[in-house]
Structures are given as C-alpha cells and as structure tokens.
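Listed below are the structures to be examined.
Paired with chain B in one complex and with chain C in the other, chain A is shared by the two complexes that follow.
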Partner chain A sequence: MKAPPTLSAEDFEPAQHDIHVEQISRPSLSYWEDAWRRLKQNRRALISLYIIVALAAFTLIGPLLWRVDPSLQDLNQISQPPSMPKEATLVAPYKRWSGVTINDFPAYPDDYLDLIPAPIGLRPAMPPTTQAVRLVWDPVKGAGGYNVYRNTRRPETINDLGLPLGGTMAGNEVSFQDRLNLEQRTYYYSVISTDGYDESSTYTTIEVTPLLAMTRQDAISRGLIPEDSPLDIGDTLQIEFHPLGTDYLGRDMLARLMEGARVSLFIGICAPVLFVIFGILYGGFSGYFGGRLDQLLMRFADFVVALPFLLFMILFKIAFGIGPGESGILPMLIALVLLGWPATARLVRGQVLQIREQGYIQAARLLGAGNGYLVMRHIIPNTMGVILVTLTFAVPSAIFTEAFLSFIGMGVAPPTPSWGSMCNEGVKTMLSHPHELIFPAAFISITVLAFNLLGDGLTEALDSRMRSRE
Partner chain B sequence: MLVYTLKRLLAGVITVWFIATATFFAMHSVPGDPLMNDKAVTEEIRANLERKYGLDRPLHEQYFVFMGNMLKGDFGISFTQQNRQVNDIIRDHFPVSATLGVLAITFAALGGILWGALTAIYRNRLPDIIIMFLVILGISVPSFVFAALGQLALVNLNSLLGYSLLPVAGWGTIWHMLVPSLVLGLGTMALLTRLMRSSMLEVVNEDYIKTARAKGLSPMRIFFRHQLRNAILPVITVLGPQIAAITTGGFVVELVFAIPGLGRYFVQAVQQLDYTVIMGTTVFYGAFLVLMVILVDILYGFIDPRVRIES
Partner chain C sequence: MRAFLAAGLLLLTLVCSAQDAVDFDSQSITIALAQEPPQLNSMKATDQVSVLVLGHVMEGLTRYDRRGNIIPGVAEKWELTDEVATFWLRKDALWSDGVPVTAHDFVFAWRNALDPKTASEYSFILYPIRNAEAINKGELPATELGVTAIDDHTLRVDLERPTGYFVKLTAFTTYYPVRQDFFETQGELYASEWDAMVYNGPFKITEWVHSASLRMMKNPAYWDKDKIILNVIDAEYITSDTRAKLNLFVDDKISYTVLDGETYKDALRQRLRIRSFTTGSVFYMSFNHREGRLTSNANLRKAIRSVFDPEEFVNKVLATPGNLPGRSTFPVWLKGVEGRFRDEYPPPVFDVDVNQGRRYLAKAREELGVDKIPSLVLLVGDSPTAAKQAEYMQGLLKSKLGLDIKIDTQTFKQRLAKMTSGDFDMVNAGWGPDFDDVMTFGDLFATWNLNNRGRYSNPEYDRQVRIAMNSSYPKTRMDAMGQLQRILLEDAGVLPQYEQGVIYLLHPKLRGVTRRVVGTDPDYTYARVIE
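Up next, the complex of A and B:
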C-alpha cells in the first residue's frame, strides 16, 4: 500500500487565476499571407519558383548580355558541339611550298628489297595549322616513293589508315603537304614507303593537332578584328564563341535558345492567362446567373471539350493562316485560347455555384450589395486560389502543346526559333550531334517541371483543408 | 442504367455533329482550296474540277450534301490521292493507330497501377523516392523527346548486340509495336502512378481498412481486395480523357517511328487542304473519343455502385 502524499497548507491555496488564458501569440495572417508562408516552407516549390525566375531572367535579360544574332548563319561552323572559348592564330596568307627533296639520296632504289622499312623521323616541318599541315620524314633505303594517309583515330592495322591523301613518286622526295579540309582536331598521319609501285607492309604514324589558323583578311571579313587592328602574324585572336555549340546552319545555340524561350514562354504564359480570364468570365457569368442560360452555356463548353484537341489546334492554326514572313505565334495563341477555356470555365462555375449559396453572400445581399459588387468583392477573390492553381498547371500544358505542334512542323514558322521547332531540327541530327536535341528538350523539360512542382506546392499552400491539418 | 446510357449516347451524337460542323467551317475558312496545287491548270479545267467535287456550289449547300453523305457513312473520295475513298484510308490506317493506342494505354494503366501501389507501400522509402523521381521526369519530358531517345537507345542496343533485336522503325510485327507504345504510354503512366499513389494513401486511412484489419484478414487480402480495388476507381475516371490524349498524341510517335497510322494522313491532309480527308479523320476521331469517354463512364458505373444509385 502506497503511503499517502504529504500535504501542506500551500497545496490548499487557490490556484492563480490567469485572465489571459487565450492570447494571440502570432500576428494575424490573411489568406494570401498564410499561403505564401506555407509555400515558402515547401522546398520543392521554392526551388521551382527560383527556376522560373531564372528562366525569366534568361529570356528577358539574356539577350542583353549575350549579344549574338540568333539568326546569323555561319556555314564554317555547322553543328559544333558545346565548347570553351576558342582562339585562332593569325597567319600569313598561304604561300606555295616546294617540299623537301634530298639530293644526295637516290630517287629510285638500286636494288629490290623484300621489305622496305617504314620511314623514320616523321615530323611536321613547321607548326601545323588548319591552313596547312606539312610533314617531312627521313628517306629509307629501297624506297621509290611514299604514300600518305590521314585518319581521325589512331590506326590499328594497315587497313585502318584512313583517307589516302597522296604521296611522292621518288625515294628522295620526303615531304607532303595536307590542305584538305583541316579542322582543329587530332589527326593521325601515316606514311608508307613504296618501291615506286607497290606499298610496303609497314607504316609509321604520328599524331598532329593543327592550330586554328586564320589570315588577317579572313578575320577582318568575318568581323572578328577591326581593319586597323594592331594584331600581327603569330598573334592569337578570339574567334566566335558558342558555349552551347551551333545548329545545322551554324547558328549559335545559346542565342537561339534565348530567342526560342521568348516564343515558347510567351505562348506558354500568355495563352493560359488569356483563356483563364475568358474561362473566369464565362464560368462566372454562367454560374452566377444559373438556370437555363447556365445549362446552355455549359453544354456549349462540353462540346468544345469534346473536340479532338490536337486536330483542332492544327486546323485552327491553319485556318487563321500565316502570311509570308510571319512567325505564326499569333494564330497559335488564338487557337490555344479558343480550345483551352472550357476547363477553367467549368471549374469557376462549380466554385461560383458553391460560393453563391454561402452565408456571407446572403449576408452581403441583405446589406444591399449589388450583383457587380458581390462578384468582384466576394465571389472572384474566393475562387482566386483555385484559379491560380489552374493557371500554374495550364502553363506546362500550353508549353507542351506549342512544342508538340512545332515539332511536327505545324507550329511557329522558321526562321523563328521555338524550343519545339529546335527539337524538330535537332532530331534530324540526333545521332551525330545530340546537343542540338538535348538542349531545347532540357529547357522544355525543366520549365514544365518547375511549373508542375510549383503548381503542386500552390495546391497544398492554398488548400484550406491542408491549413487545418497543421 | 439504360436511360443513362441512352442519354449519354444522344449527347454524344450531338457532340459529333458539333465537331463535324466546327471542322467543316474551320476548314473552309482556310484561304485556298484543294485544287490550288498544279491540278487546275486552266480556268476550264478548274471549273470542271470544281463541278466534279461540288466546290462550285454555295457553302451551305456543300455542308448539307456533306452531312447527308456522312449520315450514310460515306466521307467521299480524297482530293489528293486519286480515287481513294476516305473510308478506305480510315479502314487501312486507323487500326494501326488504334493498336498503338490500345497497347500504350494498357502499358500505362498496368504500369501506373503497379508503380502507384508500390510507392504507396514503400511510402517515403527508397523505392518510393526513386519511382516518384521517375514519375516527375515522365510528366515533364515531352513525348517526342522520349520517342527520339527511345529510337536512339534502340539503335545503340542493336549495334551493341551486333544484330537487330528490335526494329528501329516501321510497323508489322509485335516487335515493331513494343517500343513505340511504351514511349507513347510513358507520360500517361507517370500521371496514373501519381494518381494511384495519392489514392492508395487516402484509402489506407479509411475505416473499412481498419475494420478489415480488426477482423483479422491477412495483409495480402486487405491489400488486394480492399485497398487496391478501391484505390483504382479514380484511375479509371481519368482513363477516358487519357485515351483521348494518347490517340491524338500518337502523331508524334507515328512520325518518329515511321508508323503508317492515321495521324500522318491528317497532318498531310491539312497541309494540302484535302477537305474530305480532313473531315473524315476529324469526325472519325471525334466520334471515337466521344464513344471512349462514354464507355469509360458506363464502365465506371459497373465498378462503382455509388454512381449507379446517383444516376
């Protein structure tokens, strides 16, 4: 048996009566302030918001910082992969090279050898540039000529030497000049001795990486240096820099992505804003007045929903037509708005029907509020949360639609770039130059992802049921 | 139920009529006509051709002629493909699109339900995190990128193996259908997975699950009989609109994988303003979609008794 607790007189004192049992410990927050607070707690939604801000900056400020003309074609630099800044060396205009002939060596072999050795000491005669690669080597006994091959990878067997460039027809002519389509990359030159007719079975290979060379005249005509530039032969100069590479016409990908972002985001944001506004008006009107009119209006909305969306996008887009030189952005916008509104209208109508029956509406009406006041002051603000969420989710689907149409060649007309039409062009060279597809596709995906996650976050933040759950 | 079905069908017929009318007038408002191509060399030839195709009559008369023929199930002959019936085009190429779509929706529904259930079981653990990451990817990446990447993967796979395991493009055998339908279904699969997950998590807290557990049913039985079956309901609701999205979304996949589906004919017809083919394909697609939505709704009534009581 437990001992009874010892009690003192203090235990029988009346408890302290606290008047402030309930007090407001946190500042009162409005609906929107509260939603914003909860959105900020959602890390994914917040990151998405940052991504969207970054995309907006990329679209609006980007072209001011990256002043490359997105439509400038450079057929010298087609489908370049993404690269670091490149430098070229100024060289003198091309001069003929007479080659190297060793006079005290027999031009034709005196005796026949079973195996003519491969030439030794193969080396560039002067620093290799893309203007010309000049090779020399030491003559070998028994040779009556040499053949030169070039490959872009290290040859493994004698059958793998690559492109036959040419050769010399005498054993003492020990040089070769290559000027065939040289690029700034690593080449493997192989030289085989011949007896004048047939090739030997041994070869020697060197690795040569020519420097990008440019004559002063070329640099001036491409606008890289001014006419009176102090640069001299041997100096280096910056050439056009394409951080994300170039497309199949040599246009800068970064500049095109920025230009394309303008088109894609313009359509992706304007169209939803427009059709959501129209949907609000239509649905609000229909729901507020109700009755037969409501039935009729909603039946029409049902019809529009039933239209096969993409078929009608294409049809409407064509029906509005694009004249020569127009980009086709406006027809697409109109088509999207014409087909996009019913979903919002239905939603807003449902909300309005619900809100119309609420007590505070009747209270306001009792106080003498007119129709317009009720709609503007009570009904629309109360549907705003749902509308905002719809809008956020409508943006990615509009971006998808634009990309989809541009991809099948029914979207914006070239040369106006959009992310979708860039994907369309990129798909054609997907196997050899994947960057032309990957970059625009990544931009579409990231944008859509950001808006989707933000939409999820907004749904949670604005949902009043979630609010009470905390 | 019968009254409900008939009502829905009647509304469906009116919808198809609306689609046909909207298409007709949208199409005729496009500047130019199908005879613009080099066919109509001289004024006389043009006049003859217009008379042959009935283009010389007033628009409303053309509309009634067309509607009358449509009621008889005749969409006329193509303008650009000599003497080819639009009905034949649909008959030849729609089955291809439909097969692709059905396979894709099967993939999407099975995958969505499976993955969704898995993520709900492993909530907030590694499988859930991985699958939900893939789902977000599936929702955010456009189908044409999946199509292109799928083709790229096939090319690499085939060249790695040294023989052609799966064909890269074309149509014919089940092997041709596998990758395109998977690619086509990916987006929907991602969507359904998400839906299935949230639905599963909602169902788990329901009283009847607690009851089932309390009366000592095995976890497997609770999972399959009570949780899964109830969680599938919302997935079936969105299936109708998703069928619509998939059949029209098939365009791009048909384009990338060179599949002779109906989508390609529609795009071609719009470009050449082939009136009859445009009308035929749009009305046919529209009717098909309306029918699908009605079917799914009726099916839903069979699965969920509550809907039947309400109607």
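Up next, the complex of A and C:
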C-alpha cells in the first residue's frame, strides 16, 4: 500500500503568471526560408540548381582559367576528338617538291596492255610527317601514269584502296606528294599503274605513319616556344592541348563552348528577365485596375500573341540596319522581349484578379492602405511563385529559340559561336566527327533540363498551399 | 503489226530490266542520267545531260580523242587562216538512215541556231563566224552568215576576226549538223522522240521512255564504227539523287555515279573504289575594284595574297581529294603552243610571307589614310563548304593581318545580284570552261566582260586580250595570254583558290571511259567492258 501524498499550504498558492508558457521552440520561418527548405528536400531541383551554378561559373570564370582564343584556327589539329596532350616534332619549313621524273623512261606506252604490272619499290622519299608524305616508286613497262590512293585500314581488295589522292600523267613520273589533311596515324598508300587512262588491276600498298610535325616559325607564332628557344629541327615540343577536341577549322571546342555559353545564356536569361518584368507590370496594372482598361490591355496582349516571331526577328534585323555578317543578337533579344511578355502578363493578371478580392486585401484597404502599398506589400509577393516559375520555364525556351535561330543562321555571326550555331556546324560532320555536334547539343540539353527541373521544384516550393500536403 | 511490235518492245524492255551494270558478252552498259534530256535539238541544247546524250549520238566537224586532242570527225581535214576556215568532209559520213552527211547540213544548222526565232542560248558560241552576231540580233538575214557549202563535201567558213581556236569550237554541240529535209518534216517535234531525229554519231537513240529511260545503241551507219566497241548504253534510270545512285551502283545496276561530300564516306565504308577527276573549273576570290572600295587598293590585295596559302586551303579546308591548289586563273589542263599552257607560261609564284603581308598592309593604310582598315565584306554562297571557306579566310586575315571580315551569306540568285551590283568587297566565285581554249578563261577579267564581277580594269590586260583575240597564230596568242596571266596575278586582281575536283565511282570492268573538262562528260564512246 502506498502512503497518500502529503499536501502543504504552499501547494495551494496561486501559480505565477508566466508569459513563456507558450513558447515557440523553433525559429519562425519566413515564406522564402520555407520555400528554400522545401526546395532543398527536392533532390532533382537541387541538382539542377547546382548545374546552373556550375554553368554560370563555366561561362563567367571558365574563360579566365582556360585562356584560349575561341576563334584561333589550328590547322594542324582539325576535327580532333577529345584526347590527351600531343607532342610534335620540329621540322624544316615546307619546300615545294618537283617530284621524280625518270628521263630515260618512256612517258607514254607504245601499246595498251590489259594488265600492267603494279609498281615496285614503293617507298617514302623522306621521313613522312604531317607536313607532307612523299612517295617514290620504280617505273613499270606499259605504264602511262600512276594513281595514288590512301586508306586508313589495310586494303583487302582493289575496291578498298580508299581516297583517290591523285596521280601522275606519264609513265616516267614516279613520285607523289600527299598533304591532304594528314594526321598522326597509320595510312595505307596504294599505287596503281595506268595506261594513261585506265587503271591496271594490280596495286602496291605501303604502310606509312607520318609524324606530327610543326615548323619552328609556326611554333613561335603560335606562342608554343619563345623566339630564342634552343629547340632545333628534330626536337619535340608540346603542342596546344584541346581537352574537348577541335572543330572543323581546328578551333578549341572547350573555348568555343565557353564563348558560346555566353551568347546562349545571355539570351536565355536576359530576354526572360526583361519580358517577365514587363509582363508583371503590364499584367499587374491591368488586373489591379480591371474594368474597361483591363479589357483593352488584354486585347492588345492577344494581338501581340498573334504576331509571328520569325518575321519580326527579320524585320528588326533590317530596321536596326544589321548588315550581313553582323551579329543578330540584339534584334533577337528585342524581338524576344517584345513578343514574349503576353504569357506572363496574362498569368499575373489572373493572379492579381484573384488576390485583390481576398479578405486580407479588403482588410488592408479598410485600414487605409494605398494602391502602391497594396500592390507592393500584398499582391506582388503573392504572385511571386507564379512569376518565378514562369521565369524558369521561359529560360529554356529562350535558349532553344536562340539555338534554333543561330542554327538557321539568323543569330550570331561567325566567328562568334553560340551553342546553336555550333550544333549547326557539327551536324554537317555528324557521322565522321560526332564530338562536334555532341558537346554543344549536350550543353543545350543539360541547361534546358536543369532549368525545367528547377522550375518544377520551384513550383512546389513556392506554392504555399502545397505546404499542408507534406 | 504495230501491236506486235509494241509487244516485242515491251518484252525487250522486260528482258533488259534485269540487266546488270555491265555485260561483257553483249558489250552493254547501264547508266543513270541526272535528268530527262531537256533539249536534244543540238541547236538549242545547253544543259549537261543533253550535251552528254548528243555527244554520243551526233558528231561535229571535229571531235575530241581520249587525251582531249582535236581529231577529225565529219571533216577529214581542214585549213585555218585568219579570215577563212575550210573543211573537207569525208565521203563515208552517213546519217543513221543512210543519207550522206553534207556541208549543207552544217550550213543549215548554224544558220538556224543563229536565227533569233530559234532563241538558242548558246548562239554566242557561233559568233566567230562572219555576221553571226548581227544575224543573231536580227540585223541581217540568216543567208548573210559567213558559211558556204562550196560543194557537198567542202565547207567554207568566213570568220568575223581571226579565231585561232575555231577548229576546237566545231566539236561543240551547237556546231553539230542538222539535216534540213528531215528537220522540216518533223517541224516542232524535231528531237522530241527517238524517231524524230537522225543521228550521225557513233550511237543512236533506239528507245526513249520520257522521264524513265533512254537507250542508245551502236550506230551501224557511223563511218568509224570499227573503233566503237560498246553496243548498248542503257540509261535505265533517270535520277539526280546521289544516294539513290550510290545504292544502284552498290547493287550492280549502274556503272557510274558521282559522289558528294556525304556519299563519299559511305562509299569508303562500303569499300568501293573511288576515283577523282579535275573538272577544269577554277575558283577564286574576286576583289571589288570599283571606285571607293578599299579592295581597289593594290597593296591591301597584295597583303591578303601574302598570307593566303592555296595549298593549305586545298589540303586542310576543302580536305576532299581531287582539288588542286589555285596558282593561276588558267587551270592546268589548258593547252599552250605545244604542251600545257601552265608549263609553257608558269604563273608567278608568291610564297606565303606574313611579314611581307604586314608591310603591304602598312603601305595600304598609308595610302588609304586610315589607322585601321575598316571591316571588309566577304560575299559567299550558302552551301556548307562555302561557309567553311569563308570562316577560314576570316580567321586567317584576322590572325595574320588583324583585318576584320564580315561574312555575307546569300543564296545563289541573291549572290549573283549582289555580284552584279558590286555590293561586296570580296566574293568567292568560279568559272567553268565553255570551250577548250585559253580564251575561255583569258578574257574573263577584261574591262568589257560582264562576268568580271569585280570590275577589274587594267589597260595592259585589255591590250593583251585584244592581241590574243585578233590573232590566229598560236605563239602570239599564248604569249599574250602568258602576259595577261602575269599582269593579273602580279596586280593581285583576283586571288586564285583552287581548281575543282570531283570524285566518282566507275564499274571496275568498264574501261575507256573518258572524263572531259569541256563537252560530253563522261564520254563512253570508246569505252569497253572487259571480262
């Protein structure tokens, strides 16, 4: 049995009034803090945000770290896929070669044979370099010329000799020089005798691997070695490194992507920000005042929606006196802003129409709040969610528009790249050098996806009504 | 009877449809034409396909051999002086219906081609004949044309001015004979069907299903038929789609097809033997010499020339085989006095020298009175390769000379309009030969030539063109051409870039097909199928 508690007089004293009884133990969350908290829970949106930050860094800080001129052509390294740094050998400046002609051998055959033997003794006339590959061979009887082919794999049949480089037009001209886009790789050169017109059905093949070569003067002018460098012919030096490869004129892909990002993101961010601001003002004004003014303003917005974008883009280009070969970025921006705002304006107007009838607005009005205060303090902040979402969705569409316009040649003027124009160039060599298309296309896709996912995340995070669904 | 024939023909067609690209036993080949021949009336034909077909079924006074030399055709021999060309026709030259080819047939054809009512686009090629231009303009009756049939087998041509290359012109399509009596029985329908024309060439058309196929067979009436080995040239397909043609070639259905920048990679992958051929056309960058244009300054042009390397351009920028570096506005294949023109009159060589270029540029700035040369407009076509070439030039001139270039990309028509109005500083242009003589390139930059889009004008150049035009003595003509080549290039009036090449596929068992820079190309006349 338990003893009953003993009560004392103090127990019957009235309790002290304590104001801290109902204490909020956690810090109060503002709208933005709450939105940020919920955005952080959305992993997709967060990753997208990081990607966008990374893109901004790539665009703004990238060119400071990767100091390569995006329009500098490096014809020693055309359409190179991403690769490790390469070394070149210094060679003497290129000198014209008159070739080898054997004077005591007949230039044209006396009679036409159906089968002329293949030339023998096919050999390089000097160590092969990417500057030039020079081949010589011994003349054969009955030949009225020779044709030279080049392939990147060992020919299996006579139909597999590869590119017809050219040839000689006489039986005693027994040399050939190849300078056609040589790279440091193995080539199989084949020589066929001809009777002056037709090729024989036999051929000789030789395997040649030209050394990546550069002249001293070229190296100095490219800034690879100083003027007084001790390097001499035969020495090797490190040549320009292109981590993402090069394009069809040997321009550095990484530098071009950074430069292109500037154009793409400039249009992609500037245009939406400008037209969203305008749309907010227009739609807010229209919705807040309502009535006939609203009707009038909204019909005008409908009219703007009906205007064709491409036509206006071209008209602006002419109106601005943008001549051929000049950048069409400014008219593109203006056309985007002038024709892009109605969507935002409509959305904001709808929101404002709804909000202005809310009880708290009526209350504020009764308390004597002016129009300006109501709009700034109550209405705009409540439409912020819609606005930000519109903005994030407008960004990818603007990037796409820029890419499309540059793709059809209405945007940037060469040599300035943009992702869209880089795709346009890359698509031409899609089969042989896919990296020229894949990189800019990937950047466009990733950027657009990141902005879209962030927009999705923001919709959820900024909509205060979604809060209760957690 | 007719129904029976038609049935037989149908059967024949069916049998032939199964045909391979080449057949040794019947010595027949199958080819594809790029389009239906639009005009087989030799007096009016201008396009390549018509010229190709006509080149096989007709023959002029002369013709080209496989090396591109002029050899006797209908004419057995000839004699050319400054005023008169006389041709002696062979007696065994027959039309496909057995009627002899006579000098009257040439007189009729040439008069008819020049008749303003015929409205032949190529009538200007007959202008070396006396009064031809006046007749073509309707100022004189056609009977005034300086061509006479002295008898059935002697043709006398009075020339307007000495024309050293007149004999070469007689191999051209517009110079082919047409038989008056046959032409008049056909009237408007002449050359509209296979049986609405008579043939005097090595082949004759025996079947022509419009827009579908065209078949040529060896002409038994041809005087030199023993030299012709092929029996049948069957143009069984009419398409210009290079990919479709590549597929037909792979399936062994056609024996020849050209490749373009896209299809050649497929052909390489499919291990087909690719051949190349230089088309004979020259491509160059024309400077605008009109008054007030910066490019009218010679030192600026020379500065640009000093940094431009045609070899690099051909090997790295064009990067397809078959193109030759541009060293002159005269292509390498042109004939000179005895050998090749370019061997006899080598163009001046300008080596790439950036420092020299900068010195020229400094001089140009001084002469123009500017601190920095304002940006120049480079007008180009809208093809992918044109854009690449233009960007290369832009990068080159920026990095080597600090010149800013704006690229003006235009469609063919727009570009032509801008070239004509002079709305450019530099333009990438090209020129293909009309006939096999240096003159087809020689007068291109004369002050009066409307194809001289940059309006290059140099009295010394013009003087040399006149010397060459008014002489028929080869040495004099070639010397003048050599001079004007030197003048134009030393003046940097234009910047030669490349001589164009094409790549194509040819059936490995087909031999003797000739590629030509002028006229019928490809020429199957002396082709044969080997076993």
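Please note the rule applied: the second predicted complex is superposed on the first by the 295 of 470 C-alpha atoms of A that agree within 3 Å, B and C clash if a C-alpha of one lies under 4 Å from a C-alpha of the other, contacts with A are read in each partner's own complex, and residues count from 1 in each chain.
Quick note on the criterion: contacts are C-beta pairs under 8 Å (C-beta built on N, C-alpha and C of every residue); 3 or more make two chains touch, one makes a residue touch a chain.
On a predicted model such as this, the values are computed, not experimentally measured, just so you know.
Engineer: Touch check for A:443: first (chain B), second (chain C), both, or neither?
Structural biologist: Touch status of A:443: no partner.
Engineer: In the superposed arrangement, which partner chain does A:196 touch: chain B (first), chain C (second), both, or neither?
Structural biologist: second
Engineer: In the overlaid three-chain picture, which partner chain does A:431 touch, first (chain B) or second (chain C), both, or neither?
Structural biologist: A:431 contacts both chain B and chain C.
Engineer: Which partner does A:415 contact after superposing on A: first (chain B), second (chain C), both, neither?
Structural biologist: A:415 contacts chain C only, not chain B.
Engineer: Examine A:423 and indicate which partner it touches, taking first as chain B and second as chain C; both and neither are also allowed.
Structural biologist: In the superposition, A:423 contacts chain B only.
Engineer: With both complexes superposed on chain A, which partner does A:452 reach: first (chain B), second (chain C), both or neither?
Structural biologist: first
Engineer: So, does A:179 touch the first partner chain B, the second partner chain C, both, or neither?
Structural biologist: The second partner, chain C, only.
Engineer: Identify the partner contact of A:160: answer first if only chain B is touched, second if only chain C is, both if each is, neither if none is.
Structural biologist: A:160 sits against chain C, while chain B stays out of touch.
Engineer: Considering each complex separately, which residues of chain A are in contact with chain B in the first and with chain C in the second?
Structural biologist: In chain A, positions 409, 431 sit in both the chain B and chain C interfaces.
Engineer: Along chain A, where are the residues that touch chain C in the complex?
Structural biologist: 71-73, 75, 78, 114, 147, 149, 151, 156-166, 179-182, 196-198, 201, 221, 248-251, 323-326, 409, 413-415, 425, 428, 431-432
Engineer: So in the complex, the part of chain A that touches chain B is made up of which residues?
Structural biologist: 302-303, 306-312, 314-316, 318-319, 321, 396, 400, 403-404, 407-410, 420, 423, 427, 430-431, 434, 437, 441, 444-446, 448-449, 452-453
Engineer: Which bits of chain C are touching chain A when the two form their complex?
Structural biologist: So the residues of chain C touching chain A come out as 66-67, 265, 268, 271-276, 311-312, 315-317, 319, 321-322, 354, 377-379, 384, 387-388, 390-392, 394-396, 398-399, 405-410, 503, 508, 511-512, 514, 530.
Engineer: What residues on chain B touch chain A, complex-wise?
Structural biologist: These residues of chain B touch chain A: 11, 14-15, 18-19, 22-23, 26-27, 29-31, 136-137, 139-145, 148, 151-152, 155, 244-245, 248-249, 251-252, 255-256, 266-267, 270, 278, 281-282, 285-286, 289-290, 293.
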